[in-house]
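Each of the next two complexes has chain A plus one other chain: chain B in the first, chain C in the second.
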Partner chain A sequence: MPIHEKSLIRPENLVEHENLVIDGVDVSGHWSTFIESRALSDYNENMQDEIEALAGGEHISRCWQCGSCTNACTVNAINPDFNPRFWIYLIRLGMEEELVRDKDIIWQCVSCNKCTYACPRDVNPEGVMKATAHWLELKGHTKKKPSMVFDEAFSQQVFDTGKIEDGLVLRQFMKRTGQPLTQPWLVALVMGLVRRFPVFYLMRLGLATVFRPRTKGWIKARAAIHEYVEEVETANRKALGLDAKGAE
Partner chain B sequence: MSKPVLIVGGGPAGLSAAHAVASSGHSAVIVDKADRLGGAPILSGYAKLVPSHEWASDAIGGMVSRVDRNKLVDVHLNTTVASFSGEPGNFTAMLKDGGRIEAGAAILTTGFTHFDSVNKPEWGFGTYPDVVTTVQVEQMLSSGAGVKCPSDGRAPDRVAILLCVGSRDRQIGREWCSKICCTVSANIAMEIRESLPNSNVYIYYMDIRTFGLLEGPYYWESQETHKVKYIKARIAEVTSDGKRLLVKGEDTLVKRPISIPFDMVVHAIGMDPNVDNMTISAVFDVKLNKYGFVEKPSAYLHMGETSRPGVFVAGAATGPETIDDSIAQAQAAAMAALNMLRASVMEAAE
Partner chain C sequence: MAGKYKKVAYYPGCALEGTGHAYNRSTKAVGKKLGLDLVEIKDWNCCGAMEVKNIDPKIQTYLSARNLSIAEKMGFETVMAPCNGCYHNLKKAEYDLAKDEGSRDVNSRLSEKAGHKTYEPGKVETIHALDWIKHSIGEEGLAERVTNSLKGLKVANYYGCMYTRPRHIFPEKDNGEGSESTSKPHFMDDLLAAAGAENVDYPLKTACCGGAHALSDCDTSTKLVLNLLTTAEACGADVIATECPTCHTGLEMHQVRAEKVLGRKTSVKILYFTQLLGMAMGLSPRTVGVHENFSDAMPLIKEKGLG
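Moving on to the complex of A and B:
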């Protein structure tokens, strides 16, 4: 199993002077190539606390870097750059810049939880991955993932009505992610449905679209859920040192 | 009645041996070069002990007063054994202050000497006042003065504890693991975090050896509850930028050179053989092992024996040792000494 290896020299750390003369010697171009210091001096010491405050990240300080999570990882087997052990370490030490470099792969965790069962210290690395993806999003380093957009549309409906109307979830998801509704698979699905001509089902579908049924007596539950969600979101943003309400 | 048991050194092991000998109705004589009993925990001013969390002054102080009260134990302070002659059951020890002790057996509980960090100059001790040892931090805690930077008395914001200072190092001829420093450092780290909640404490390690049951209450507890951060690196050098200390090394887990500012650097110093071991070896005619500690024969068939019959050994005189194990070993050595005396009395009777 490959251990995560970072190339120590990044292109941006290679410096070359186009025109440089030192002591009368022309060292222009590749003669003046040098590597900028790799030593780190910039640390965000709040980072561990921030991840700890988000759901899933509670036990990150337990990690002792054995690498069981990375060894067990489904995604790591395909992409050696996906290394939960390494990211946990960066977070614990506050190497923010280094972590943000991997923002485009951190969210690829498939939540198989093999790491969860391998971890001898019960760190819950899968939860840490979730918390980290959430952290990157809240801090504005990454955009919302499509799955997050879907989850939001889905849960917003449940919160509002206590019910799910599949057609609406689908329409909202396509709209919010800027995709046309006429997806080939969706068209095929609808055509297949129409061809069988289930009159009663189609009538119910049509009625639901128009009347948006609600669970009886949902108002109280809705208020409680909204209150709770807002509480958690406010706490999350506060822990990360962000304003009460960020840009959606 | 056979002659008393001579106990050389009045630290935890010596106090334990004296108590064990006296408890079985036999007399004991303690000789200690210091001006009071208690050994390293008392003389060096340790704070809370591992694993009991009791203050050293209470725990070891209790052992001292127990021996002080015991009429069967005679104590000679401020002196050392200058010569030691005779045979098992009939030894004569001449003290440096002119005293003379007739003894049936001797137990060496001469302990260790703290490693002197000056021997690792690259880590800044002796050059920068804010580079201190674990013993100094223990004293800051036990005296009630609190953890402060010696240079200007400010409370440190960032503290680095370097493990294996004077241990596991061929460069300075110390190839042993001092066994207790990992746990002591975790303990100190937790105490610093408790007294200075805004501080950040980092431990630089090669391995963490909080052996046995100490794993949970020290290593894990310090990480999980007290948020002490462990970094796998052996520090290359400690310098200063004029304001703060600069710790340089390689963070081996990310394969990256590190250069981090700190307010205080603590050396987790190891246990050296007692500086007097060459003298002790010559006076008592006991062999030292290749590291300079008092040699013990096979661990399985002998109780606290040395290379000389009638002279026994216990505690950190034989190698890095915990207080608890020193106490247990001293009881075993006391039993061995009493057994030998009883056997020689029976032989004489026949």
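Moving on to the complex of A and C:
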């Protein structure tokens, strides 16, 4: 697959003139497409430093723009607008407004690490994607994306009990994102399981609250982790120049 | 080589107690059949899965390291984790603790506060269920034990992402003759071939199933999985062999979703490689938990005379 190169020319800035003559030369129509000039005044000079301060973004400055990450990327193959190389470019230049235009797809990175495997500069583009998604949320450019809601519900359970029960995570996630548990494909899935293996699978899916896995002797670990998480959150906000506690 | 992993610490992880129970069951059954002992890590905790690192990667390192520290305390040099996610995280913790001072600091701080010994890198080796069987029994040993050959069964071997990427956390791979390859892994192919299976040339061995967003970005995952399924069918596979509960559940779940939402029905079956190995050694489909899978492989298993 060829490397998809994204252009900084916005479609709305391309103009064709039906009738235009400049210095006696006819420049009408499709053969003489013009690009309207635009002044960039939105540079955020701190942007690279801010992403660098978040977990995963540490090595962004190593990038030499080869495009191997985008070329290898799983999500790019289904959506050409998903372009890690391009975003790294924008961040390094500080083009905040340009980056924010893609705020609704950056979080879709599936963490497959194909980019990390391909990157010749050990940038860890997967980490940069996570840091960037996190940055967009912290800066208030976007509301929490479903993946962050999921990660938080999941992590909370691990921090609290030491273990995860898939069914509980599923239900909490559906609730927090306002999705019904009665979507036809979910129902089909559950019914298929129930048909073949009733009680056991209901338990597995946590639909019958019979047991909750937890790790014995977890209380002290739990306190230590919670304390550390708070520290990290405070440090992140400080690095981004935000006040100590953000709105939920 | 024989006996290298005769008795190892076993880290099942959360998925194997939940949706991936069939993998737990079949892994234990196969171990028993092969005379390999698994001793479960006492009071283990979640390794951090795919999620905790997005809150903070160093907590994930701590969570994984705690399990390694318990294994060490129990006197083991090797931990076997059948789940790709767990295997990957334990490996990553090992790497980060060896190379990154920040990770070491957070790990010792959290370990101290939690009241247990801090894990030092290099004390315990983490292996996958594939390494475990490959290095303790090997293809020849396995072939000797096959009573119910998988002959005529066409298998697409699917390894997913976390078994080989990122490469730097798997120093033993791509490491000369006999080692696993990160670009074209083959340990599962080798074992299933020894059990008589006919492996198809599957180009998507290490492609992604979208497991990280199986729920939070369903449409992406369904597209990725559908591609895995249709490609396996195009390669002539009857079954996709898996070695990770997240991949396995993702394939099953999105096979249903692709049919219900996109109207794309696929009929390739999905089985854990341990289920296939178990049946090849004469274990019943029930013993290896085929009834716990969503993908109903019984008709195929009967047709091929495996159970």
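Just so it is clear, the second predicted complex is superposed on the first by the 165 of 248 C-alpha atoms of A that agree within 3 Å, B and C clash if a C-alpha of one lies under 4 Å from a C-alpha of the other, contacts with A are read in each partner's own complex, and residues count from 1 in each chain.
Here, a contact is a pair of C-beta atoms (placed from the backbone, for glycine too) under 8 Å apart; a residue touches a chain by one contact, two chains touch by 3 or more.
For clarity, every value in this text was computed on a predicted model and none was experimentally measured.
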item	value
Partner chain in contact with A:Arg121 - chain B first, chain C second, else both or neither	first
Touching partner for A:Leu14 - first (chain B), second (chain C), both, neither	neither
Which partner, chain B or chain C, touches more chain A residues	C
Which superposed partner A:Ala235 touches (first chain B, second chain C, both, neither)	neither
Touched partner set for A:Gln65, first chain B, second chain C, both or neither	first
Which superposed partner A:Pro213 touches (first chain B, second chain C, both, neither)	second
Partner chain in contact with A:Gln48 - chain B first, chain C second, else both or neither	first
Partner chain in contact with A:Ile22 - chain B first, chain C second, else both or neither	neither
Shared contact residues on chain A - chain B and chain C	none
In the complex, chain B residues that touch chain A	200, 208, 219-220, 223-224, 227, 229-232, 248, 253-261
Contact set on chain C toward chain A in their complex	14-15, 17-19, 21, 43-46, 48-59, 62-63, 66, 106, 109-110, 113-115, 161, 164-167, 182, 207-208, 210-213, 215-217, 220-221, 223-224, 253, 256-257, 260-261, 291-292, 294, 296
List of chain A residues in touch with chain B within their complex	5-6, 8, 38-41, 43, 45, 48, 59, 61-65, 86, 89-90, 92-93, 95, 98, 121
Residues on chain A engaged by chain C in the complex (per definition of touch)	55-56, 74-75, 78, 108, 110-114, 116-117, 124, 126-127, 130, 134, 145-152, 154-155, 158-159, 162-167, 170, 173, 177, 184-185, 188-189, 192-193, 196-197, 200-201, 204-205, 213, 215-218, 220-221, 223-225, 227-229, 232
